[in-house]
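One chain, chain A, appears in both complexes that follow, with chain B as partner in the first and chain C in the second.
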Partner chain A sequence: MRGAKTEYAYAVARVRALETGLLDRSKIERMVEAKDADEALKVLGETPYAPAVGQLQSVYEYEVILRQEIAAVRELFRKISPHPELTDLFFLRYDVLNLKLLIKGKLLGQEVGEFLVPAGTIPPEKLAAAVANSNWKELPSELAAAARRAEESLAEEADPQLVDTLLDRAYYAHLTRVLGERGEEFLRTLVSLQVDLTNIKTFIRVRHVAGGDAVRVRELLPRFFLPGGRLTLDYFLAQAEEPLTAFADRLAKDSIGPVVGEGVAFWQREKSLTRYEKLADDFLLAYVKKSRLIAFGAEPLVAYLWAKENEIKLIRIILVGKINGLPAAEIRERLRDVYA
Partner chain B sequence: MEIRVNPTRMELNRLKRRLAMAQRGHKLLKDKRDELMRQFLVLVKKNKELREEVEERLAGAFRKFMLARAVMSAEAVEEAIMYPKERLEVKLGRQNIMSVHAPKLTWEKVSRETESIYPYGFAETSAELDDSISTLAELLPRLLELAEVEKAVMLLAAEIERTRRRVNALEYVMIPQLASTVRYITMKLDENERASLTRLMKVKDIVRAKGV
Partner chain C sequence: MSGFAGIVIALLGAAIAVALPGIGSAIGVGLVGESASGLVTEQPERFGQTLLLQALPGTQGIYGLLSGFLIMIRIGVFSGQLADLTVTQGLEIFMAAIPIAIVGWLSAIAQGKTVAAGVGLIAKRPEDLGKVITYGAMVETYAVLAFLSTLLLVRGVAV
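Moving on, here comes the complex of A and B:
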């Protein structure tokens, strides 16, 4: 397997060239400093986003550009990657999102077409038809099973949370399994770190919902817990009673230690996970950046996708903030690091 | 302006009865108006407090929602909240405030073994959404209460206006009119009486002059 990775040479070179087009810190800073949303959009118009920005009627349609951007990255990967099915794993997230929308929409009898993201591995129309007929053949096995269960249980109990939790868990189970099978250690670790960080966030949120009742934490957490992380469910359950600071201290030596430590401290001060979410995103981005040392493989491609998603998040935070007149300081508080 | 009537004793009695009735009605309506006003002020005060509280907390919730919206994509937010988990059953009843029929809302949660109000999974959603959703959930009963109070205030205001119009109509139109008509008839009758008296005296004079 290892030797064959030179087939990625062209794809990696393409992506490296594209990386230089990502927004750098000074562009982001100029957008934050812009006096209103239109001006921020104008800054965006001076970047590779220019053609898309030119087509916009107003700043409120920014969401359109952002959607197209991810779909374009997938198009590109399909063309240049020798193993597009590997990068497709990371686009499957958008299929999962579409799937959730469609299943909920089906049970509510509501049209959701306008919200479907065209960035998934299955075209939205095809997925819509599949959901309408409850035909899950196109989906990976884990997702198919989860979708079937979600639809069945929702029909009798009407707990919409179940759709989300079942599909989220299935997605990460699938991701972990395939990456493990293919021996993609770097990406496997990336996913497990992401899962750990998400599970820790979930742990904090569940504790908050339960209001200090450890029994309820033990009851709720398994529902939301994602598989594929290094920290097991039992690890969390064993600490349901302990204060969060003790939980954070125990992780202090781990690579995610600083994120958890600072995030938990901020949570206890402000009862807000804003800081934690930002730090977790930054941490993963920093991890992804290490792929710069990898010359051949799918890693740089995934890294580019990650950087692009991060950039889209940045643009969204700035534009939503500007449209709603949020002060620059509060926008900055939420801004993630920049990949470039 | 007076009412055109025949200046007869029967008419006079009728008008006097009407006048007495109008005065009694006026007094009763005035009492009603005062009491309505009192209740109205209480409700208005409550309404103001409720509205201020609701508006302040709603603004907070929307702000948090906006922040959640900033870190999540539009589709993800839509997906997260499109299918509500909580269900509230609102029953519309009636309450009687000074014979004004105001709506009375009663509500109850129709949710199963509810453990958390969030209709979404935690993996793909920002924690900022939680705050916004929980504030909105806490706020809903207050919103219903506000709706009830505000409608009652509106109905009471309309009723007060109607009552005040009636009181004024009685006080400044009906009662003066009736009073002046009564006076007119009394004077007319007195006049007639004096006329017939003088006529009689005159006749008597003539008879006496002829008879001599």
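Moving on, here comes the complex of A and C:
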């Protein structure tokens, strides 16, 4: 009972009430079964998305409402959370997204304004101005340093991939540091699991690119490796020579074991990571669902954001599938679990 | 002189019997109120259910007040003639107040947390109101036991 964060009482109850408005399996299923994109959108119009759907001119503008939805969640958390700076860590992802676009756009001399997502902690216009002037004061220290380095390195060699990796690594370093400092164990574990799953995906890709050349793997992996996971870089490098199945077997007893086992098996059959990505997303969602046992704290808020992002991913998969005329079975294969 | 010290200690007993459970109840009721506001913001029709829950941690304050009254009756506060107590008698009354003072105070806070968490439960499943009340009632048991022991102790002191 000691240390219960009862200051979250209002926010948690409100979020639990909002969770009842999340789309359930049957709604998602009806969207999948819809005969075309317009009909799928109509189903979405019967849910709490109704007001936003009503404003759309055509189904092709769906991305606008999905972006607004995340921005609305942040607005809500700013109002109800006793520590909005904590939940903001999870919206910082969108700042990183914008930052990548802006830095690359600046060096390539391209206008990227229309692609920016307004869901981050810094308004896109302000971030754009900051990038234009190379003024990183508004950013957390890790990200500021990474942005500076990204710009410098881009000026030397035009490798846009490097900007992404530098910023992603800084983001996870920042996230793990702050969550660790604040003793947010549940959220810290969530992030480290996410990092592990991403690093494993990178490991599989790098091995594929290197074509069985272990030296090349050892050279490439450190460039893309994200910090903050439970599995260290050395852990991966030590297994650069072993077959992937041995790597998966070694993780079999770990909580992410089933994801890696099945994901790797699918990868070896089909040379596709879609199955792994779906399983990884479902695994993280299942972990996030455990926040239901936490009565007071930031965890249920982050879980709601996670659920909302997952829901948006589902809607996007369905609508993109429908717009491109994919059969329902194929769309269903890509779908993630639902939170509700 | 001894009469003066005795009555002061007994009055102090009456004071903590009322004050501590009152503080606990205020914290508990307040916490459930915060949770309830969160739910009612999104679902205004749930006011009735949440009001019922909010009242649960309030009982400790009532037990405390009753215990305080009982002590005041025993030591003659209402008859206008304060009893002439020895220090031992005063301490006995003070000790009698301790169960409800401490258990009432802390159990009200614990009950508040239990019920506030339950508000999150009924946000999803309104039909589970009964379960939340039951969880709250489990905590109530210990406040009732403490109240009972204070009652018996106050009656047992020879004034």
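Assume the second predicted complex is superposed on the first by the 337 of 340 C-alpha atoms of A that agree within 3 Å, B and C clash if a C-alpha of one lies under 4 Å from a C-alpha of the other, contacts with A are read in each partner's own complex, and residues count from 1 in each chain.
To be clear about the criterion, contacts are C-beta pairs under 8 Å (C-beta built on N, C-alpha and C of every residue); 3 or more make two chains touch, one makes a residue touch a chain.
Worth saying up front: this structure is predicted, and the values here are computed from it rather than measured.
*Asks:* Overlaying on chain A: chain B and chain C, fit or clash?
*Replies:* fit
*Asks:* Looking at A:80 after the superposition, I want to know if it touches chain B, chain C, both of them or none. Which is it: first, second, both, neither?
*Replies:* second
*Asks:* If you tally the residues of chain A touched by each partner, is the higher count for chain B or for chain C?
*Replies:* Partner touching more chain A residues in the overlay: B.
*Asks:* Quick check for you: in the superposed arrangement, does A:182 touch first (chain B), second (chain C), both or neither?
*Replies:* Neither: A:182 stays clear of chain B and chain C.
*Asks:* According to the stated criteria, A:106 is in contact with first (chain B), second (chain C), both, or neither; which is it?
*Replies:* The answer is neither, since A:106 touches no partner chain.
*Asks:* Touch check for A:10: first (chain B), second (chain C), both, or neither?
*Replies:* A:10 contacts chain C only, not chain B.
*Asks:* Measure off the angle at the C-alpha centre of chain A toward the C-alpha centres of chain B and chain C in the combined model, and quote it in steps of 10°.
*Replies:* The three centres form an angle at chain A of 160 degrees.
*Asks:* So, does A:30 touch the first partner chain B, the second partner chain C, both, or neither?
*Replies:* Neither partner.
*Asks:* I'd like to know which partner A:198 touches here: chain B for first, chain C for second, both or neither.
*Replies:* In the superposition, A:198 touches chain B alone.
*Asks:* Counting only touches as set out at the top, which of chain B and chain C does A:277 meet: first, second, both, neither?
*Replies:* first
*Asks:* Just chain B (first), just chain C (second), both, or neither: which does A:19 touch?
*Replies:* Only chain C is touched by A:19; chain B is not.
*Asks:* Examine A:230 and indicate which partner it touches, taking first as chain B and second as chain C; both and neither are also allowed.
*Replies:* neither
*Asks:* Rounded to whole Å, what minimum CA distance do you find between chain B and chain C in the overlaid structures?
*Replies:* It is 29 Å, taken between the nearest C-alpha atoms.
*Asks:* Show which residues of chain A both chain B and chain C reach, each in its own complex.
*Replies:* After superposing on chain A, no chain A residue contacts both chain B and chain C.
*Asks:* What residues of chain C sit close enough to touch chain A in their complex?
*Replies:* 31-32, 34-39, 41-43, 110, 113, 116-117, 119-121, 123-124
*Asks:* Where on chain A is chain C touching in the complex?
*Replies:* Against chain C, chain A makes touches at 1, 4, 6, 9-20, 80, 295-296, 300.
*Asks:* List the residues on chain B that touch chain A in their complex, please.
*Replies:* 66-67, 69-71, 73-76, 78-80, 82-85, 112, 115-116, 118-124, 126-128, 130-131
*Asks:* Under the definition above, what is the set of chain A residues touching chain B in their complex?
*Replies:* Those in contact with chain B are residues 63, 66-67, 93, 97, 100-101, 104-105, 107-108, 110, 112, 115-117, 157, 159-161, 163-165, 167-169, 172, 198, 201-202, 204-206, 208-209, 216, 219-220, 224, 226, 272-274, 276-277, 312-313, 316-317, 320-321, 324, 326, 334.
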